[in-house]
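What follows is a set of structures to go through.
Two complexes come next, and they have one chain in common, chain A, joined by chain B in the first and chain C in the second.
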Partner chain A sequence: MNPVVGIAAFAAVSLATAVIGFYGLRVSRTTGDFYVASRTVRPWWNASAIGGEYLSAASFLGVAGLILLSGTDALWYPVGYTAGYLMLLLFVAAPLRRSGAYTIPDFTEARLDSRAVRRVTSFVVVVVGWLYIVPQLHGAALAIRITTGLPAWVGQVAVVAVVCVTVVSGGMRSITFVQAFQYWLKLTALAVPALFILLVLAGNGSRAVAEASVNPTAMAPAGPYQNISLLVALLFGTLGLPHVLVRFYTNPDGQSARRTTLIVLGLLSVFYLFPTAYGLIGRTFAPGLAKSGQADALVLLLPGRMIGGTAGDLLSALVVAGAFAAFLSTTSGLVVSLAGVISQDILGGSVRGFRLAALISAVVPLAIATMTDSTALAGSVGLVFAFTASTICPVLLLGIWWRGLTDAGAIAGMLTGAVSCGGSMLAGAMLGSAGTPPWLAQPAAWTVPAAFTVMVLVSRSTQGRVPRTITRLMTRLHTPERPLATER
Partner chain B sequence: MTRVRVTAPRSFTVGSAASGSIAAGRSAADTREAAEESDAGQVFVRSLIRSQLRLGVVVAAGFLLILLAFALMLGLVPGLAELRIAGLPFDWVLLGAGIYPVIGLSAWLYVRTAARNESRYRDLTGDK
Partner chain C sequence: MPDSPLFTAAAIAVIALAIAVVVAVGLKVLRSFRELGTDAERATYKTLHAASRAGQHLRTGLNPAGAAKASRQLRSLLGCDALAITDTTGVLAWDGAAEELKPALMGLAAKVLEGGHTAVIPAGELQLLANGKAAAPLAPGVERAVVIAPIKAGTRVVGVVAAFAPAAGAGLVRATSEVADWVATQVELAELDASRTLLMEAEVRALRAQISPHFIYNSLNAIASFINTDPVRARELVVEFADFTRYSFRRHGDFTTLAEELRCIDRYLLLERARFGDRVQVSLRIAPEVLSTVIPFLSLQPLVENAVRHGLEAKEGPGHITITANDSGAFAEVTIEDDGVGMDPEKLRAVLAGHSDGEHVGLHNVDARLRQVYGEDNGLVIETAPGEGTLITMRVPKSQPRHDA
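So, the complex of A and B:
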């Protein structure tokens, strides 16, 4: 591929991100403005922003790559990523908005009236955020290497640099507009080349995808345990992602939080049709990528291969731009929410503390990413979902729906999930993908129930610790807002 | 360039609820909260929470059953994978596209019913 294409695409996306970020900032300058603006953001904007932040490297590159590798088994990934939002809608969206909490530690501290719970939750959130940024940087490394031929670390450093500059200078504060733009950019970047490829295929009159079931690698199909465990992780992991929760705060009330989630589901459904199409086409026309270990680059390479010439270069540039939009939007969303947690809990909450925290939040995963090898992107993000599903998900679900949850139970459950799931991830990393038994490779099916069970049992035996304010808290979480109850 | 820092609003913390709101709105909110925390008010609140939870569980279970049915159908009905829809393999169409309308429909049904539960609660508590 022409190296200029990759560099130009990356520069254009970074510039557009910065311009929209600063333009949006001028619209809302003071804290009051920010609140007023954020509460009048239309559900469509808000939903686009949520979609923009959520669709990461795993969705943009990883899903198609995994479909190329393992066929229909990998179709559970996009299904799980989308259905996770259904669970979020059913059990979390409106009550969480009504709690008024801005971060997950805020919520657990207020719900359980305990600083200790806050500290444990903050710790888990930071781990989740770092684990989630690492695959984004692996994606960036891959994209830079494939499209420009530059060394892989250049991509990682470039993404971290752009994110740090925009977050520290405050550009990402007007995050709604930037993220909304990123969603539509990502959708366009996949949809337009896909349509051209389909046109070419139709023009050739080829019976395109009849051989989709042909397996390009000798990989054994996943058993039912692995598919179920993966679905558990994706369904229950989504509702614990720190950067997803922050976005819900910009809804005016619980009712519109639900409407926004409904639109998000629509946007995600439309988006995931395209990685699936890339995977299917790739399985028929580019099975060589799977054998050469470049499956994750399928989305980046397919337009150039199928079309070629100047048109192919332009479409490739579009795809590369979309990929960088994915790395940038998810990474900056995570860095902003991590920096909020770190600065509030460790650095005292000053503006300087926030900037320092933003640097820490971005540089630590950069170090991890340069030291580790990229495995399949969708797979490593799937493991992060397993971790949130075993730690944050139980405390959110039980905190919202069960009066009996206590601080001791929450801490014991989160630690159980963190140790069992984190331990499995470490063991899996040390054993390598070939030597890992399925129950370690996809731990969610047993770590999530374990975390729930411990949380319930310990809470049961410490019922004296249920906060006295529980009645008022539950009322606030679940009753609809009135027009009279103007907050702030 | 001023940078706006958004941190936790304190409105969730009990005791400082509705801090900074207009005095009139505040007293109305306080009356409402007092009414909700009375024994009679709590009966309605608890019933609202129960019905919302039941609704969520029912929709989730329904969706998961459909998902399970899809998976079983592909695994157990022989010859289904060889079926073609407009040149595309049937299992790909079902998992790659067919599930999304089911998700959307479940979500839409939930949002509608949840809003109805809430408006019934409003009617019961005489709050307009």
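So, the complex of A and C:
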């Protein structure tokens, strides 16, 4: 591929992000527009922003790559990524918005009235955030290597640098609009080349190289346990993602938080049509990529292969731009929410502290990412979901829906989940992918119930520690708020 | 997937972290065993340490959770078999043996609660008294005496401390009443804490801004001047005025959202413009993310009023006010800037310290409330100089689960 294409696409996306970030709100309004200016973010905008922040390297590159490798089994990933929002819609979105807590540690502290719970939650949130940023940087490394031929670390450093500069300089002032823009960019970047590829295929009637049902790598299909475990991880993991939850506070009330989630469900469903299409086209027309270990780069390479020439270069540029939009938006969303947690809990919440915290939360994963390299983006993100599902999700669900949760129970449950799920991940790493039994490779099916059980049992045995403010708090979480306009 | 070096690196990090924790804990334990001093010093240390630990638990007053933890410390301090703390209605905590006596304790303590004098019940008598009331008869072999000392906060008896031991010597009696007095001091401190909180709440309520009488007077005059020349506008202004007063006179809640406060400012400026015409120009730059942030009720309007009153009114020609609200990490940052006459920083300092005679009272009021609610570090930040305009910055944490808008 033409190296200039990749670099130009990356530069264009970074520039557009920075420009919208800085100038999105520079339009000054006069008093005549006061009402317009003080209007809150509409659910559509916010839903696009959530989509923009949520669709990461795993969705943009990983899903198609996985479908290329393991066929329809991999469809569980997009299903799980999307259906997680159904759980969010049903159980978490509105009550969490009403709680008034801005981060997950804030919520657990307010709900359980305990500093210790706050510290444990903050720790888990930071670990989750870091683990989640690493695959984004791996994606960036892959994209830069494939498209420009530059060494892999260039891509990682470039993404971290752009994110740090925009976040630290306060460039994320209009973060909602940046993220909403990124969603539509990502969708366009996948949809337009996909349509062109389909047109070309229909036009010249080119013959398939392989049958879609033929497995190019001869990998064993996943058993029912693995699929169930994966779905548990993805469904429950979405509930606890720090950068997604923060977005709900942009909604003015619980009801619009629900509407937003509903729209997100639609937006994600539309988006995932395209990685699936890429995966299937790749399986029939470019199965060679699976054998050469470039499955994750399928989305980047397919337009050039299928179309070629200047048109192919332009479409490739579009896909590369979309890929970098995915890395940048997810990473910056995570860095902002991690920096909020770190600066508040360790650095005292000052403006300087926030900047320092933003640097810390971007540079640590960079260090991990440069020392390691990943082979399957969707898989490593799936494991982060499993970790979230076994730690943050039980606290949120029980905290919102069960009066009996106590601080001791929450801590015990989170530690159980963290140790069992983290331990399985490490054990899996030691054993290597061939020697890992399924229950270690996909631990969510037993670690999530374990965390819930421990949390309930320990809470039951420490009923005396239920905070005295529980009734007031529960009322606040579950009763619809007074509409904003009653004063008028 | 799992075999990637990512997890190897994570494993190394976890192991390094574990080693660091073990070493840190080990060093701490070692240090505490070194240099322990003479026996007397150690005894003093132990007593004071137990007392301060127990004190922490009693800081929230006499309640079951605190009393349970404190009674453990106090029992080791007195060296008795069992120690109980009660309030006037029931047993709050029981630490140690002889729990079968628990139902009988309130009966034994009734006299002490009434009279406020320490009572000593010798071993044989306790057996007799208790057997009538205890649920299960006492084990015959165990002889126990009890010392019951009143906890007196001021002149009231708020509870008792009861110490059970095989024999009630003079030493135990004296020590128990000292412990009861010490508990009383802690309870008084807790009550002091509670009343300080109440005082702070009352202060916040008292500081809740009222709209200034000047403004009412000036607005009504301005509206009056339109009644003949432009009755339609006059009518609109009266409606705005009514809406404005309705918002500012509302009784419920000490907090509101930024969006509602901005709407109130909009009405306020509409009325001011009726008076000043085009001399007051306003521009806004609001990040929609922070509109639902909870802020103290009427905390921005006084700042805008200050900008109009002291910044622009005294100035010749048109003046400009810029209001911005930004997302800044865990905080929402609101700024109000005017290009008016500014003020002397020294004078401003006096105003914020509360030494002023009515002028700028709105600024002092808002600053004091912000400090009360969000802590000393989160007051107003004001940049100004004579002739240079004024920039007021207010930072409010976005996360306020305890405050209802």
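By definition in this document, the second predicted complex is superposed on the first by the 464 of 488 C-alpha atoms of A that agree within 3 Å, B and C clash if a C-alpha of one lies under 4 Å from a C-alpha of the other, contacts with A are read in each partner's own complex, and residues count from 1 in each chain.
The criterion applied here is as follows: a contact is a pair of C-beta atoms (placed from the backbone, for glycine too) under 8 Å apart; a residue touches a chain by one contact, two chains touch by 3 or more.
The structure displayed is predicted, hence computed values, not measured ones.
Of the two partner chains, neither chain B nor chain C is touched by A:120.
Once chain A of one complex is fitted onto chain A of the other, the partner contacts of A:344 extend to both chain B and chain C. Once chain A of one complex is fitted onto chain A of the other, the partner contacts of A:372 are limited to chain C, with no touch recorded for chain B.
Of the two partner chains, chain B is the only one touched by A:90; chain C is not. In the overlay built on the shared chain, the residue A:159 is in contact with neither chain B nor chain C.
Contacts of A:99 after superposition: both chain B and chain C are touched.
When the two complexes are overlaid on their common chain A, residue A:476 makes contact with chain B and with chain C alike. With both structures placed on the common chain, the touch criterion links A:134 to chain C but leaves chain B unconnected. Using the contact criterion defined above for the overlaid structures, shared-chain residue A:432 touches chain C, although it does not reach chain B. Shared contact residues on chain A (touching chain B in one structure, chain C in the other): 25, 28-31, 33-34, 99-103, 106-107, 110, 170, 173, 340, 344, 349, 351, 354, 473, 476, 484, 487-488. By the touch criterion given at the top, residues 1-11, 14, 64-65, 243, 246-247, 250, 257-260, 262-263, 265-266, 269-270, 273, 281-289, 291-292, 294, 322, 326-331, 377, 397-405 of chain C touch chain A in their complex. Across the complex, chain A meets chain C through its residues 25-31, 33-35, 37-41, 99-103, 106-107, 109-110, 131, 134, 170, 172-176, 249-253, 336, 339-340, 343-344, 349-351, 354, 357, 368-369, 371-376, 379-380, 383, 422, 425-426, 428-433, 436, 440-441, 464-465, 473, 476, 484, 487-488.
Within the complex formed with chain B, the chain A residues making contact are 22, 25, 28-31, 33-34, 72, 75-76, 78-79, 82-83, 86-87, 89-91, 94, 99-103, 106-107, 110, 169-170, 173, 207-210, 212-213, 227, 231, 255, 258-259, 261-262, 265-266, 269, 272-273, 276-277, 280, 340, 344, 349, 351, 354, 401, 469, 471-476, 478-480, 482, 484-488. For chain B in complex with chain A, the residues that touch the partner chain are 1-9, 11-14, 17-22, 25, 28-29, 32-33, 36-37, 41-42, 45, 48-49, 52-53, 55-56, 59-60, 63, 67, 71, 74, 81, 84, 87-89, 91-92, 95-97, 99-101, 103-104, 106-108, 110-111, 114-115, 118-119, 121-122, 127.
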